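Input: structures, listed below.
Across the two complexes that follow, chain A remains constant while its partner is chain B and subsequently chain C.
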Partner chain A sequence: MPGLTSTMLMSVQSLLADQAALQVTSNNIANANTPGYTREVPVLTENTPTVENGITYGAGVTLEKVQSIRDQLLDLRISEETQQQSGAQAQLTALNQVQGLFSDSTQGVGADMTAFFNSLSQLSTNPTSIPQRQAVLTDAQNLATSFNQTSTSLSNIQTSLNLNVSQSVDQINSLTQQIAKLNAQVAQMQQLGQEPGVIQDQETQLVQQLSQLTDVSIIQTKDGQTITTANGSALVVGGQSFALQAAADSTGTEHVFSQGQDITSSIKNGSLGGILQVRDQVLPGVLNQLDTLASQFATAFNTAHESGTDLNGNAGQAFFSSAPGAGAAASFSVVITDPNAIAASSDGSAGSNGNITQMTAVQSQELPSGASPTDSFANIVFNVGNLTQQAQAESDAGTASLNQLNDQWGSVSGVSIDEESTNLITYQRAFEAAARVISTVDELTQTVIGMGASAAG
Partner chain B sequence: MRVNPNITPDILTAIWQTQEQENTALQQVSTGRRVNVPSDDPAAAAALVGNLNSSAQTDQYLQNTTSIEGQLQTADSTLSSVVEVLNQAISLGVQGANGTLSASDQQGIAQQVIGIQSQVLQLANTSYQGIYIFAGTATTTPPFVADSSQPSGVAYNGNSNTNTVEVGTGRSITVNMPGDQMFQGSGGDVMNSLQGLITALQSGDTTAIGNATTQLRTAYNFVTQQRVFYGNAVDQLNANQTFLQTEKVNLSSQENDLVGVDLSKAATDLSQAEITHQAALAAAAKVSQNTLLDYLK
Partner chain C sequence: MAEFDRTRKQVHDEHLARVRALSNEVQGAICALEKNDLSLLEESLARQEILCSEIVSLRAKSTESRLPDVSSAAEIRHAYMALALKNRVCAALLKRSDRTVGLLSGLYRCYGAGLDKKSMDHTWSCEV
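Showing the complex of A and B:
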């Protein structure tokens, strides 16, 4: 039969439950601005009722557990989007450096090529003038310097991206190690029936950091998260992490290995993916365009130059030198140093300018690549601009999408001060009410004791 | 429905976005350019390469025009002097053919014609900025030298080639007429007829003097005709100059279309971006000032 004592005990349970709930609220408020913190809610359950004489009596409340409110599917979406956005962002950062080399249209390969042909054109008005011949050589040298510098700058960007690879791999390894440790902790706590919410918060944070660095896919298993790279090599399985290795090949290019397998080309996203994409795809493409232009231009111009006769009556020699293939722009140089050696003449006479027309024609004639030298350079500018614009658009889209996902995350897991204030009042009132029950039971008990005293007295 | 209680990131994003818009607008107004890096408009940036090339080329064509104009004018005025002295020689020939002249008078006239011959020789060896302009393309040495072994009394050391200079895309102009064609052409040989006149005057044969004078007149007419070449070339250059200047204007307006900014639009964009940015800041200032706690006493 329900009695004062059991009522008293039930109220004490209420007080304890309300205190615990207040503590959860207090913790939520304390961590309102902690990155990655997911709000917790006290899970209160009714105690098993007692049945007496066919009547069922409620038996009070117990705090069953404190639960973190998270949406694991949303965490996965954020991780995926983070990988894409970081990849695009890393590409954009590198491409902005690349396009800086092609931003000033008043200098560089294009402008110097124009200047070179213009000074040749000027020479045609007075083909025997030594100062004008000297001007042609100076402009040729400027063009060579521009080819060299552009090539060097592109290679330098490539080199600095290459340095980032091993740093990124170190960061990835440090993160996967920490994640594996937390995975083990989560599994252990779950075995013991404990709520691993706080640990999971930390783990989710680390996984998002990992997503900023590289492609990962994440599977939830009973042992925690299994994390693999894009091509399926394991990074974290249960409590164990598998380190990636960075190693340079004979050219100094860093490759990424997972358990002995070269996975460099499969890494597409995350900042490492973006870096590799620019280092291995974009920059070789641009350098190749520049090299092709340099070597085909040198060949075409030399052919024109060699068909003429120089001021000393000798047949024209090669004007430029450029080793075909990779490095053509870097090795582009002017062979001729003597102004007399410019083969302007087409009939052998010193005063003839007939061969200059052949030489200036190279500017607008198609190279084997299918475009004139000027158009070839314009194509490089377009290519670089277009890639940068694409990376910019991808990065912007990724940012917008991440913002939206983070909003969703906040609406599920974020701490609302208003909500916590409401909870605070709710639990405060509940606590007060429970306390009032205790004092009422106390009065009743005294009454009962008084009854005994008066009967005795 | 539960909403994201932490809107700080959203506010920051909005502020950054409006800030970026404002920066872009400000950059466009201050530089006057819509395309500052290739990614602003890759196609326009690529087209700008071609446009700037054409523009610089047009400048060069103008410069070429100026450079060769001097040479053409020098040639033209030289020929004007040649024509003038030839005219004198013809008068002297007519005078020498007059039978009433004494032998010594004829010798005197012959001396004058010899003087004219050497003047014509000098004129034919005129150079402009180190270029012998009537030497064909062998411009480094004087084309005509006195040579008594030749029937014309001179030897031509130049050649019969011409130079052309580009003065526009696909347009070039021939800048010289070789001396052999000008002074010793098939239509009349100045050198030969001067030498003929001198020989005739020295011989005192009035018929021969008359014939030689007629020959000289033919040569005179021929040179006058050939001289038109230079007059035409100068006219062509002038017309071309006007054309190039128009082209320059076209190219720079094309450049502006490609990468320039419509200033009135840019100014409007800027003030709009400023307003949007201020609105974002004002919104940020209003946000989150109050929570439920403010109303719980």
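Showing the complex of A and C:
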């Protein structure tokens, strides 16, 4: 049968275990509002019992470890969702800038095109009027300026997104270095049988930050987390990080390389993915549509203009100039500077307005692209609006989904003050009870000593 | 004529109110999904079903009686556009929730795979 001393030792172990549990609880309470903190629980285990004379006696309690409560599936989903949401948000921010170029119906290419054709219609009422002719040229110049400015603004947005690429790559490299260091610490602590909860919390926070920047795949291994890019190139393996490189091609477009391989086109999510999507897919598409419109409109209008005769009796010349293909909108300009050179006449007489009908018909005439100039521009506006709305929906859904997942994460890994307060009382009572056992054993020991003294006396 | 105009206006107002209510209900469903509140989601879906059938009949009436004026047409168009955007968000959120559910069911399939020899080589981590 165990003696008083072993009971005393058992109570001391109990005191220590309850004290540690109280410390864990108070640490949870202290970190209740710390971002990324994962709730910890004391894992108490029963000591190996002792057997004396065929009777098994319990041997008290030991604090085995302090364990962080985490759900890898939720961490994974939060990382995935963060990547998608950040990508959609980056796209939305860039697309809002693009939409700003097309959303104002009172100015820009659409409004200036309408104003130009209105001027032409007014000229048809008095084709010899120099002020009316000058007004046509002024509106033509406004239209050209709008084409130029829209194209330049789109290119400026592209340039600004391009600058963000190298900044994002630098941030990614900084984060992967930090994660690799923490990975090494986690592996070391695990080898020593220590619980790396706090380090893992920091690592999870960094991985979430990394997920905001780019799309990554995360695999848990015995050496910590292995993180790769979407196409499988290593970013972090154990304690080693692999840096991405940003390098510009001959056109100045920044590309992302991983160990010598160009991975730009495979980055779809995270803010870097969103930036690349807009820079490489959306903006070239919009610029191409604008260039096509500028080029085909100039050709169609020039054809109509060249079929008439100007005020001096000369055959009409090209009205607009535009480089074919890429850069058409940027180079769009008005060739004619003399109001007399507008070829309004269809029969060579100064008072004829026959050719103005031909020229105004261009507004609703189908271009080689399959739509009239007005409809072509409306299509661009619609496409940009649709892409912006899609990005807005994806961003909103991503935010809601992240809230949903964070809510679930909170119920698993978050600190509940109510629960911790209850635990505090439970461990306090257990501590008091263990202390009471010690004082009882102490009294019993005094009694035994007293018995010995009286027997000796 | 005045009676006809009044009816037209009434149909339009009801139509607009139902579309806006449906938009609010879709937003309610989004909030329910966000809070993981199944009962709230089911209630919202039931209300959406009722509103949808009401809108279908109001749309038919609305087409028969034509819209009272241009601004009414614009109001209806804006309400439908707002509804479309909410629907897009809700659809995208459901798609994302489906991914979480897919991963969870994969996890439970893995735990239940002890009885199924064939499933042993197909683990949760493979699904992840």
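Note that in this section the second predicted complex is superposed on the first by the 457 of 457 C-alpha atoms of A that agree within 3 Å, B and C clash if a C-alpha of one lies under 4 Å from a C-alpha of the other, contacts with A are read in each partner's own complex, and residues count from 1 in each chain.
To be clear about the criterion, a contact is a pair of C-beta atoms (placed from the backbone, for glycine too) under 8 Å apart; a residue touches a chain by one contact, two chains touch by 3 or more.
Not measured: the values here are computed from a predicted model.
A simple residue count on chain A separates chain B from chain C, and the partner touching more is B. Of the two partner chains placed by the overlay, only chain B lies in contact with A:111; chain C stays clear of it. When the shared chain is aligned, no partner comes close enough to touch A:309: not chain B, not chain C. With both structures placed on the common chain, the touch criterion links A:200 to neither chain B nor chain C. Touch criterion met: A:403 reaches chain B and chain C at once. Looking at the shared chain after the overlay, A:358 reaches neither chain B nor chain C.
In the superposition on chain A, A:394 makes contact with chain C only, while chain B stays out of contact range. When both complexes are overlaid on chain A, the residue A:292 reaches neither chain B nor chain C. Shared-chain residue A:77: touches chain C; no touch with chain B.
Once the two complexes are laid over each other on the shared chain, residue contacts for A:228 go to neither chain B nor chain C. In the superposition on chain A, the residues of chain A touched by chain B in one structure and by chain C in the other are 389, 392, 403, 407-408. Contacts from chain A toward chain B in the complex involve residues 33, 95-96, 99-100, 102-103, 105-106, 110-111, 113-115, 117-118, 121-122, 124-129, 345, 347, 349-354, 357, 360, 364, 374-375, 377-379, 381-386, 388-389, 392, 399, 403, 406-412, 414-419, 421-422, 425. Against chain C, in their complex, chain A makes its touches with residues 73, 76-77, 80-81, 84, 219, 389-390, 392-394, 396-398, 400-401, 403-405, 407-408. The touching residues of chain B, counted against chain A in their complex, run 1-6, 9-10, 13, 36-43, 45-50, 52-53, 56-57, 59-61, 63-64, 67-68, 71, 129-132, 135-140, 159, 161, 163-166, 169, 172, 175, 291-293, 296. Residues 30, 33-36, 85, 88-93, 95-97, 99-100, 103-104, 107, 125, 128 of chain C touch chain A in their complex.
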